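Chains: A, B, C and D, in written order; residue numbering restarts at 1 for each.
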Amino acid sequence: MSRVAVIGVGQSTFVRSYPGSIRELAFEAYSEAMKDANIQNSDVDATVMCSAPEYDKQRSPAGVVAEYLGLNPQPTFYVETLCSSSSTGLKLAYSLVASGLHDCVMVLGFQIMSQLTSNESQERMGRGADIQWESTFGTMMPAYYALHAQAHFARYGTKPEDLANIRVKSATYGVLNDRAVYRKPVAHEDFLDPQKMGGPVASPLRVGDCCANADGSSCIIVANEEKAKRFCKKPVWILGVGAASASVNMVGRESLSGLAVGIEAGKQAYKMAGITPKHIDVAEVHDCFTIAEMMAIENLGFAEAGGGPELVRAKETYKEGSIPVNIDGGLLSKGHPIGATGGSQVRTIVRQLRDEADNIQVKDPMFGLVHNIGGVGLYGSVTIFGRE
Amino acid sequence: MSRVAVIGVGQSTFVRSYPGSIRELAFEAYSEAMKDANIQNSDVDATVMCSAPEYDKQRSPAGVVAEYLGLNPQPTFYVETLCSSSSTGLKLAYSLVASGLHDCVMVLGFQIMSQLTSNESQERMGRGADIQWESTFGTMMPAYYALHAQAHFARYGTKPEDLANIRVKSATYGVLNDRAVYRKPVAHEDFLDPQKMGGPVASPLRVGDCCANADGSSCIIVANEEKAKRFCKKPVWILGVGAASASVNMVGRESLSGLAVGIEAGKQAYKMAGITPKHIDVAEVHDCFTIAEMMAIENLGFAEAGGGPELVRAKETYKEGSIPVNIDGGLLSKGHPIGATGGSQVRTIVRQLRDEADNIQVKDPMFGLVHNIGGVGLYGSVTIFGRE
Amino acid sequence: MAKDKDVRFSKFGTVSFTGVTQVNDFIDYLEQGKIMGTVCKDCGQKFFPPRAQCYKSLSSNMDWFEVTGKGKLVSFSTLRYGPTGFTDELPYTIALVDYGDYKVFGRIDPAVSNPDDSLKVGMEMAAKPAKTSNGQLTYVFQPA
Amino acid sequence: MAKDKDVRFSKFGTVSFTGVTQVNDFIDYLEQGKIMGTVCKDCGQKFFPPRAQCYKSLSSNMDWFEVTGKGKLVSFSTLRYGPTGFTDELPYTIALVDYGDYKVFGRIDPAVSNPDDSLKVGMEMAAKPAKTSNGQLTYVFQPA
C-alpha cells in the first residue's frame, strides 16, 4: 500500500456562537490549512465535507462550501458518522489517495450549532437515537453515557471523583488553548457545588462531566508520498486506520462498561501500523463526557479494563505522564462542534509530531493516536500517525 | 491499481409510497444483492449508506440500517451528493477496495420521500439551492432544469417535441419494467393535453418532462479481484470512475446548455477506462427531466453539443439503436428515490453486461456506462463497467 | 407481516417520531397487554425490538413471541434534563434489562421511589405494558 | 467586514432561510437602493453574490462595489408551481443575467407582461432593488 501523509492542518477558534454562516466558518479552517500546506486550490484533487446535517438549514452543504472555497470542478461529497464525521472523512481521503484515484485530498469539518433556537436544538437531541425504539423514551446523549458510567461504576468500583479527575486534567490544558471554548481552571471542589460542576444531569453524570456544544471548523489535507515530499518539509504519515460500528440500540450491546467500536477500531489501527499501545507517545481521545475518556483509555489499551481510574489518578495522562491524553484540553475544554471535532484532534497530533505544539509539546514523540467516536459508541475511528 | 468488480446487485420495487420504514425498505435491496452475490454478512468488510437526509426523521440512518441488516461491527458511514449519492458511494467503495483497506464493500442507497407531509416536502424543496442567495427567489428543481432547457433551445434550436421524444422512448421501456413506478405508454399526443403530459410546470418544461418522486432502495456489492473470482461467476469490472462538482449558484456556471460536471466526470472515466464514447454499448444517464437526458447524451459524447435532438429523433437511443440509453425506463419511468437512484442505474448496467437483462437485453455488450447527477449539475459521477 | 400503510406506531412513546413500520402489530399486542418480539421461523433468531425481516435468513418469515419472566438490570440513569416533549415527565429513569436471549430498553416504573438508591445493577426486573403521562402506549420495568 | 451576530439578512427574499452571514451589510446597501458585490483588495477578484473572504488570497480584505449597467439574459423560466411560502406570487419568472465580470441571479420584474413571449435569451437587462409581495427586500430585472 502506498504511503499517505498529512501535509496541512487548520482549525477555527471553537466558539459558543459564530457570527457567520457555515461557508464563512469553513473558510477559517481552510485558509489556515492551505497556508500551512503552502499549496494552491489546483493542487487539491477532491474534498470531503464532514458535518451532521441537522444543525443547518442548508441542504447538501458540500456544494455550497466547495463553491465558496473555489474548489470546483474537483469532486466533493458529504460524509457523516455523527461526532466522528471528520475522522471518517480522513479514512476516505486516505483510501482515495492510497487507491491512486487522487494525489491530494482535503477533509473539511464544520458545524454551527448555535443558530438553531433552543427548542429546535432540543428537538434534534430527541431524535439522536433510534427514533422508533429508543428516542420515544426521552433519551439524550448524556443519559446514554450515564448508562455506561453506571455500568463502569458497578463493574469496577469507579467513583464520581475518578471522572472529576479527568475534567480537572482537561481544564489544566484548556486554560492554555486559545482555540478552546472553556478556558477556566476546574478544581475538585467545583464538583461539590450544584450551581457549578456538581449539578446533576443524568445520574451519575454531573455538569462537569459533560462537554459543551460549539461552533467550529477544521481542515486536514493529505497527499501521496510523492506530493507530500514535494509540498511539505515535515509530512506526518498515516500509519494505521481503523473503523467499526455497533448497534444504535442499547439492546444490541454486549457490555456497557466500554465501547466495542473503540476496541475494534483500535485493534485494526495498531495492526496496520504494526505497533502496540505502548508505542503511542501522545493521544487524542473522544471525551464528549469524562466517562468517554475513561473508557477510551481502557479500550485503547493504555490501561487494562477497569484500570483507567488508577492511571488517571496517577496523572499518567498528563503531559509529563507515560501516555499524555487530550493535552490540548480535549472536547471537555475545546467544545464539540460535531463535524469539526475529529479534524481538530488530528491537528493537535500532527502539530505534536512536527514538534510545533508550543506550550503542550511532548518531548520527541514518534507515534500519535486519534480516537473519535460517533454517537454513543455507534461509530468508532482510530487513526495512528507517525513522523519520519 | 488493483481491479475491483461488482459481484452483487439488488433493488426494491420503486413505489409511490412504501408501507414501512427506511430500514425495512433497505432490507429489500440488501437481500436481493446478498442472494445475487451468494455471500454472508461476514464477507462484507464495510458498508456505505447513501441517501439525502432531509426526508426522514431518523438522524444518522447509517447506524440504524447497519444494525437492522446485521452489519455490525463492520464500519459504516453515510454519504450524500443529493441525487448522485449512491454513485458517490460506489466510487468510495471502489477506493476502499482498490486501496487495500477492504476486500468487499456494500453500497446501500435508500429513500422514503412519501412519509413527509406535502407541506414538509414543499418546504424542503424550497431549500434545495443555496439558501442564502437563490432559494430566497422561490426556486425549484424543475425551474433550474427549465433554465437549462431554455438555454439549449436558444442555442441549438431545440424544440419541446425533441424533449417529448425522450419521454416517449422512456415510457416504451417503463412499460416493461416491473420495478418502475410509471408503467403506462406515453404518446406525443399526450403532450398536447394540459391535463396530462402537457401541463405547464416551469417554462419550457411540462409535466411529461419531469420524473416523479418515489420510495426505493438499491444495493451494490463490490470486491477485489481475488474475492470477486472466488464469489462470482460473472464479475463485472469497474473500469473507470469520474466525478466532478460545479457551483451551486447559477452565477458560477459558464453555460446552461450543458452540465460541466457531466462532461468532466465523463472525461475522467473514459480516460481511466482507456476507451471512448463509441465503445459504450449501453448507458444509463440521469434523466430526472427530459432535458437532463438530452444534455447527458451530448455531454458524454454520444452526440456533439446540439446534436442530441437529431440522435434522439433517429431512435439511436432505443434498444436497437447505436447507443441504447435508459432502456430500463430511466428515472422518468422508474421514479427517482434520490439515494437509491445511482444503484438502480448500476444494477441495470450490470445485468446487461451479464446478459441477464431479459426483455431489454442488448446484444453482447462489452462496455456499459452510468451517468448520475446530483442537484442541478452540482455533482456529477460517471462510471464505466466492462465484462471479462 | 407487511401491512397496508398505517400509522399505528405513532401511538408508542411520550413523543412519537415515526408511524409507519412493518411491525405495527406490536402496537395491537401492547394494547392487549402484551410486549412482543419477533422470532425468525427459518433460523430461530429472536428479535427485540421486533423486526419484520431476518438478515440471517434473508427472509420475512416471522412469528411473534411474548416477552415474559425476569431479566437482569444492566444499567440505569435518572435524567434531570430531557428533550422537547419529555420535560413534563422529569425526572425519569431509563434502563437496559437483559433477558438472556435478548435485551429490552425502556423506563423504570415512575412508582419506584428513589430509583438511584433503590436500584442496583444486576437486580431482577420485569417489563409490563403501561401508559405514558400523556396517555400514549409504553411499557415500564419494575423490580421483580 | 465581520459583524457582531445579527440577523439583518433575514430581510432578504420572500422567504428567508438564513439570517446570519458576514456580508449582512448587503442588506443595508439594498435598503439604500444599491445592489452590491464585493471585490478582493488583494487580487481584484469580483464576487457577486458578495463574499466576506477570498479563496484566491486566503484573506478577508474586501471592498464593496455596486452592480450597475446592463447585462445579457442567459436564461429564464416562468414557474407555475412554487415551494411553501412562494405560492401566492405564482406565476413568477426567474432569470440569470451575465454582466461580464460576474453574473446575477434573480427574478424578472412582475411588471413585465408575458415574459415567456417578451423575453429573449441574449437581450439586455438591468437589475434594480425592489420589494417582494410581502414587503421583504429583493431586486428584480427589467429589459434595459
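Structural remarks
The rule we apply is simple: a contact is a pair of C-beta atoms (placed from the backbone, for glycine too) under 8 Å apart; a residue touches a chain by one contact, two chains touch by 3 or more.
If you're wondering where the values come from, they're calculated on a predicted model, not measured in any experiment.
Note on connectivity: the fewest chain-to-chain touch steps from chain C to chain D number 2.
Using CA-based centroids throughout, the chain positioned farthest away from chain B is C. Centroid to centroid, with C-alpha atoms defining each point, chain A and chain C lie 32 Å apart. Centroids of chain A and chain B (each the mean of its C-alpha atoms) stand 34 Å apart. As a whole-number value, the distance joining the C-alpha centres of chain B and chain C reads 39 Å.
Residue positions of chain A touching 2 or more other chains: 21, 57-58, 71, 127, 131-132, 249, 252. Residue positions of chain C with contacts to 2 or more other chains are 17-18, 21.
If you sketch which chains touch which, the pattern fits none of the simple shapes: not an open path, not a single ring, not a star, and not all-to-all. Listed by chain label, the pairs that touch are A-B, A-C, A-D, B-C, B-D. Per the touch definition, chain A reaches chain B in the complex via residues 1, 21, 46, 52-54, 57-60, 62-64, 66-67, 71-82, 88, 91-92, 94-101, 124, 127-128, 130-132, 241, 243-249, 252, 260-261, 264-265, 374-375, 378-379.
By the touch rule above, chain C contacts chain B in their complex via residues 2-6, 17-22, 51-53, 55-56, 58-59. Contact residues of chain A toward chain D in the complex are 17-21, 24, 27, 30-31, 34-35, 41, 57-58, 68-71, 115.
Within the complex formed with chain C, the residues of chain A that make contact are 119, 122-123, 125-127, 131-140, 142-143, 146-151, 154-155, 200-205, 249-253, 256. Contact residues on chain C toward chain A in their complex (touch as defined above): 9, 12-18, 21, 48-49, 74-86, 89, 92, 94, 96, 102-107, 116, 120-122, 138.
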